[in-house]
Amino acid sequence: MTLKIYLSGEIHTDWREQITQGAEGLDVTFDSPVTDHAASDDCGVIILGAEDNKYWHDHKGAMVNAIRTRKGIADADVVVVRFGEKYKQWNAAFDAGYAAALGKSLIILQQPEHDHALKEVDAAALAVARDPAQVVDILRYVLEGTLPA
Amino acid sequence: MTLKIYLSGEIHTDWREQITQGAEGLDVTFDSPVTDHAASDDCGVIILGAEDNKYWHDHKGAMVNAIRTRKGIADADVVVVRFGEKYKQWNAAFDAGYAAALGKSLIILQQPEHDHALKEVDAAALAVARDPAQVVDILRYVLEGTLPA
Amino acid sequence: MTLKIYLSGEIHTDWREQITQGAEGLDVTFDSPVTDHAASDDCGVIILGAEDNKYWHDHKGAMVNAIRTRKGIADADVVVVRFGEKYKQWNAAFDAGYAAALGKSLIILQQPEHDHALKEVDAAALAVARDPAQVVDILRYVLEGTLPA
Amino acid sequence: MTLKIYLSGEIHTDWREQITQGAEGLDVTFDSPVTDHAASDDCGVIILGAEDNKYWHDHKGAMVNAIRTRKGIADADVVVVRFGEKYKQWNAAFDAGYAAALGKSLIILQQPEHDHALKEVDAAALAVARDPAQVVDILRYVLEGTLPA
Amino acid sequence: MTLKIYLSGEIHTDWREQITQGAEGLDVTFDSPVTDHAASDDCGVIILGAEDNKYWHDHKGAMVNAIRTRKGIADADVVVVRFGEKYKQWNAAFDAGYAAALGKSLIILQQPEHDHALKEVDAAALAVARDPAQVVDILRYVLEGTLPA
Amino acid sequence: MTLKIYLSGEIHTDWREQITQGAEGLDVTFDSPVTDHAASDDCGVIILGAEDNKYWHDHKGAMVNAIRTRKGIADADVVVVRFGEKYKQWNAAFDAGYAAALGKSLIILQQPEHDHALKEVDAAALAVARDPAQVVDILRYVLEGTLPA
Amino acid sequence: MTLKIYLSGEIHTDWREQITQGAEGLDVTFDSPVTDHAASDDCGVIILGAEDNKYWHDHKGAMVNAIRTRKGIADADVVVVRFGEKYKQWNAAFDAGYAAALGKSLIILQQPEHDHALKEVDAAALAVARDPAQVVDILRYVLEGTLPA
Amino acid sequence: MTLKIYLSGEIHTDWREQITQGAEGLDVTFDSPVTDHAASDDCGVIILGAEDNKYWHDHKGAMVNAIRTRKGIADADVVVVRFGEKYKQWNAAFDAGYAAALGKSLIILQQPEHDHALKEVDAAALAVARDPAQVVDILRYVLEGTLPA
C-alpha cells in the first residue's frame, strides 16, 4: 500500500519538512501547494499580465494556484491540513471541506486553543493531531502496523 | 426553474432574513444551519449525554449539526456563504470548500477587507457580493432575467 | 427541509414505532425493510418457486429483499441502524457499511455493552444513540433547531 | 490483468497467509487491515493521547484504522471477507456492505452454519467460499482461466 | 416508498399489460419503450428525413428511441427485462447490461429454455421470474410486505 | 414520463417559442438561458459593480449567467442546442460539450451548411434537426409514441 | 497514450488473435473473458462445489466469470464486442450495454445481416466494423494518426 | 506531481510544439487529437467504408476521432484549448465544455479580439493565456513553484 499525502495549510513553519523527514522510508508520496508566499500571491499577474485592480490581481493568482491544489487533493489518499496560530487561514478550511466532500481521509493538525473554532472541521476528520510527529506516527501505523515505543 | 439555496456562515447579523425577505415572490427555497448559537454548541451533549472533556462535548454537537449541514448543501443548487467581520469562521470556509467540490454554484458574501484572505474561496465562486441585496438581485436575475432598475 | 429516514436492523422490538410516533409532526418520511420475519425469509421461494437447497432458498429471499433495502438506503438522507441484544445481525452492519459508502448520515442505536464490537461502525456514524427517544430528539433538532427541555 | 485484493474480517487464524501463499505466482496484490489486535485497539490513544472514557479510546483507534481500511477497499478489485466461528464481527459485515456499495467484486469466506445469518451479505457476493484454497482457485481461474485438476 | 419501474424487452405479447393491471393499487409508476414496432423502426426517417442506406435509416431511429430508453432506465428503481421465445433481442440484453452498470435492481422475465443462454444476464439480476404475475407478486411484496396466499 | 428540456444557443430568432408552442399539451418543461442579450451581457456589473476592464466586465456577467446555465443543463433530460447562421456561438458548443459529458440526450438544431463544422458536436447527439418542428416531433414521439402524419 | 482494450463476445473464431497480432507494436493492452467454453461453464461448481440444479450450476459459474468481466470492462478505454453468426449471444449485448452505461468507447464487430437486430447496440457505438482488420486500423489511427494505405 | 495535459483546438499553427518544447524537463505528458487535417476528416470512410452522403462521411470520422478525444480529455489533469483567428472551431468549444463538466482544470489560449465571444468559455477556465509561452510558464509554476524572471 502506497499512501499519497497532500499537506495543506499553514506555510510559515517547517511542519511539512518535519513530516516528510519523519516519514522517510515509508511508502508515501507528498504533495503541497506552492509554499513560496510571494510567488503564490503574484503568479497570476507575473505570468498572465498585470491588473490595476487588486481583487483581480489576487483572483488570477488564486486561479493558477487552484490548478495545483485541486490536482493535489484529488490525487491524495490522505489530506493533512495544518492550522497555525495566526491569520484567518480560510484557504486551509476550504481545502479541508473540499477534501471531505471528495471522501478523502482527513488529518487535522492544530493546537487545542482552536478546538472549539475547528469543531466542524475536526468532525470531518479521522484524526486530530497536535504535532507533526503524530502525523508521522499515524502514517507509519497505517502503512506498517507499528506503533511508537 | 426553482432554485434551492443554502445560506451558510455568519450567524450574528440578520443577513439571512434580508435575503429571504428580499426574495419573496421568487421561485426559491432556503435552508440554513441551526442559527441558535447555544443550541448548536450543546445539541450533542443535551441529546446524547454529557461529556467531561470539552473536545468531545464539541465533537458530539458538530457531528449532529453535520446531519443538517450536509443535507442542506447536498440538496442546494446555490450555496451562499457569508463571512462576517469577526471570528475565525472556519466552518464557513469548510462549507464553501465542501460545496465547491460538489460542483454547487457558490456565492460569497464578504467585505473588501477580506478579499486577500478569501482569494482562494472567491476563486471557486460564481459571484462575490458585498451586501445581501446583491444576492437577491442575483437570484432574481437568474430566475427571471430582470435586473435592478 | 424534509428528511427521508431509513430504519434498518433489529426487528424484534418496537423501536421503529417509537421513532415514527415520536416524530409525528416533523417533516420526515420513514422507510424500513419488511419486518415480518417469516415473510422476509420465505418471499423468494413463495413467489419464485421452491428450492431443495436451503442455501438457495435463503438466497432467493435475500435477493428479493434487496430490491427494497437498496431503494430505501439509496433514497434516504439519514440511515438509522439498530443493533439489538441478540443474534449476529450481520445484515444490520452490512446496511451500515453500505450507507456509509454512499455518504449517508448514519445514526447507530445500540447499548453500551456493544460499544467495543461496534467501534468501526460507530466511527462511521454522526451519532450513537442509546434509545429511540434520542433519535427522535436528533431529528427534531436537525429539522427545527429545538432541543429537549 | 492485475487483481488488487483486500482481505477483510477475521484475524485469529492464518487464512490470509493461506491465500497469499496459495496465490504465489499470480498477478495479484494483497492488502489487509492491521491484524495485530492489540495495536489495532490502542493505536488511537497511543499516538494521539489517552482518553479516560473507553468509548472515545475505541473511537480514536477505529478512526485511525479507517484510514487504512477505506484506502484498501477503495483500491481493491476484489474484496474477500472472512467470517469466523466466534464474535460479532460487525466490522467484517460493515466492510462487506461498504465494498458492495462501491461495486467491488465480493467473495465471502464462511462456514455453512452461518449461511442463514449471512444471507443478505452472501446475496451481494459473486462467490461464497468455504475454505481459503477455494479463494485461491477463484483468483487463479479469473486471472489465468485454469481450473483445479 | 414509490417504485419506478421500467419494462424493457419483448414487444409482441401483452406482458406489460399483465404487470400494469396486476399492479393496480400499488405505489408504482411504469415506463416502457415505444412498443409500436413500425413507429419504432421508422421514427428517425419520418421525423428527420429519409435515408437511402438502410443502415442509417435504422441508426436514426435507434438514436431517437435512445432518448426515451435512457431516460426510462436512468429514472427507474427497478428494470424488468423480458426475453421472449423468438428473435435475437439484443436490445433487451443491452438494456439489462446498461441497467446493471447503473446499479438498478434488475428482474429478468424469461422461460427456462433460455436459462443457459441468459446465465450472465441472470447473474446480474435480483430475481428471475417465469411469468408476469410473479413480477407483480415481487412488486407487491417489496412495497407492502405481503405474499401471495 | 416527464421530459425536462433545456434550450441552449442562438437567441436572435423565435425558435424557442416555436418549440414551446408546438409542444403544448406534451408532458415537458422547458428552461433556457436569459435571452435578453443586453441583460445577459451586463448583469455582472449592474448587480455587483462596474469594472474598468472590459474583460472583467464580461467575466462577471458570464459567471452570473453560469448559475442559470449549469442548473438548467444539470436538471435536463434533453438538451437542445441551436446553432444559427451568424456569429461564433462558442457558448452553444460549450453547452453541448458540457451536456455530453454529463450524459444528457443531445439534439442539435442547425442548417446543412454547418454540417462539416459541427461534425464533432453532431457525433455526440442523438438527433440533428433542421427546424424547430422536428424537435417538437421528436419530443412528441419520445413521450407519446406518435409520429407526424 | 496507451489504450486498454477489452475484447468481448463471440469465442468460436480467432478474431481476438487477429486483433492482438495485428496490433503488435501499438501501445495497447488487451483483456478478454475466459474463452475456454467448458471452463467458463463449469468454473463455479468445480471450484465451489456441485449443484443438483442446472440453474444454480450455471449461476455459480456466471458469478465467478463476472469477477473477470466487470474488471475488464471497468478498466478498459475501448470495449470491442463481436457478434458472431450463431447463438443468442446475450452476454455480448449485455457487455455492450454495461460498457455504454460506463461511458466506454464501444466498437461493434458484426456482419451486415445483423444490422437491423443490432441497431440499438450500434447506436451506442463509436464504430461498427465488419472484420478484425478494421478494428486494428482504428486502434492504429487512434494511437498514431496513420491510416491504411 | 506529474501533470497530464491535453492540447485541444486549433491545428494550423505550431502552438503545440511551442508548448511541448517549452515544457521540456518538466514532469508533464501531452496528448492531442490527430492533427493531420485530411486524415482526421477521412478516417471513418477510409477504415470503415465509403459513404455516398457527406453527412455520414463526416459522422463516421467524427465518431472514430471521438475515441481519441474522449480518452485524452478523461485522462487529463489540465486541458488547454486554443482558439485561432479563423473558422468556427466548434469542436474546440465543445471540448472545453466537455472538460469543464468533468471538472478538469481548463486553460484557454486565445487573442483579445475573441474575449467577448469566449466569455462563457473563459468563465469556466482557471487561466486565459495569450501565447503558448504563458502556458509553459503556468505549467512550470504549477509543478515547480518557479516564476519567469
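Each chain gets a letter, A, B, C, D, E, F, G and H, in the order it is written, and its residues are counted from 1.
Operating definition for what follows: a contact is a pair of C-beta atoms (placed from the backbone, for glycine too) under 8 Å apart; a residue touches a chain by one contact, two chains touch by 3 or more.
The model shown is predicted, which means the values in this text are computed figures rather than measured ones.
**Q** In terms of contact pairs by residue number, which of F-H, A-F or C-G shares over half with A-B?
**A** Over half of the A-B contact pairs recur in F-H.
**Q** Going by the touch criterion at the top, tell me which pair is linked by more C-beta contacts: A-F or A-H.
**A** A-H
**Q** Just how far, in Å, is the C-alpha centre of chain H from the one of chain E?
**A** Going by mean C-alpha positions, chain E sits 40 Å from chain H.
**Q** Roughly how far is chain D from chain G, going centre to centre by Cα mean, in whole Å?
**A** Those two chain centres are 31 Å apart.
**Q** Go ahead and note the Å separation of the Cα centroids belonging to chain C and chain H.
**A** About 49 Å separates the centre of chain C from that of chain H.
**Q** Counting only residues that touch at least two other chains, what does the list for chain G look like?
**A** 63, 66, 103 - these are the residues of chain G that touch more than one other chain.
**Q** Mind pulling up the chain E residues that touch chain H in the complex?
**A** It comes out as residues 51-53, 56.
**Q** Note which residues of chain A are touching chain B in the complex, please.
**A** Its residues touching chain B are 54-55, 58-59, 61-63, 65-66, 69, 83, 87-102, 112, 114-124.
**Q** Using the touch definition from the top, list the residues of chain A that touch chain D in their complex.
**A** Residue list for chain A touching chain D: 1, 3, 77-78, 103, 105, 107, 126-130, 134, 137-138, 141-143, 145-148.
**Q** Okay, in this complex, where on chain A does chain H touch?
**A** Interface residues on the chain A side: 31, 34-36, 39, 42-44, 46-49, 60, 63-64, 66-68, 70-72, 75.
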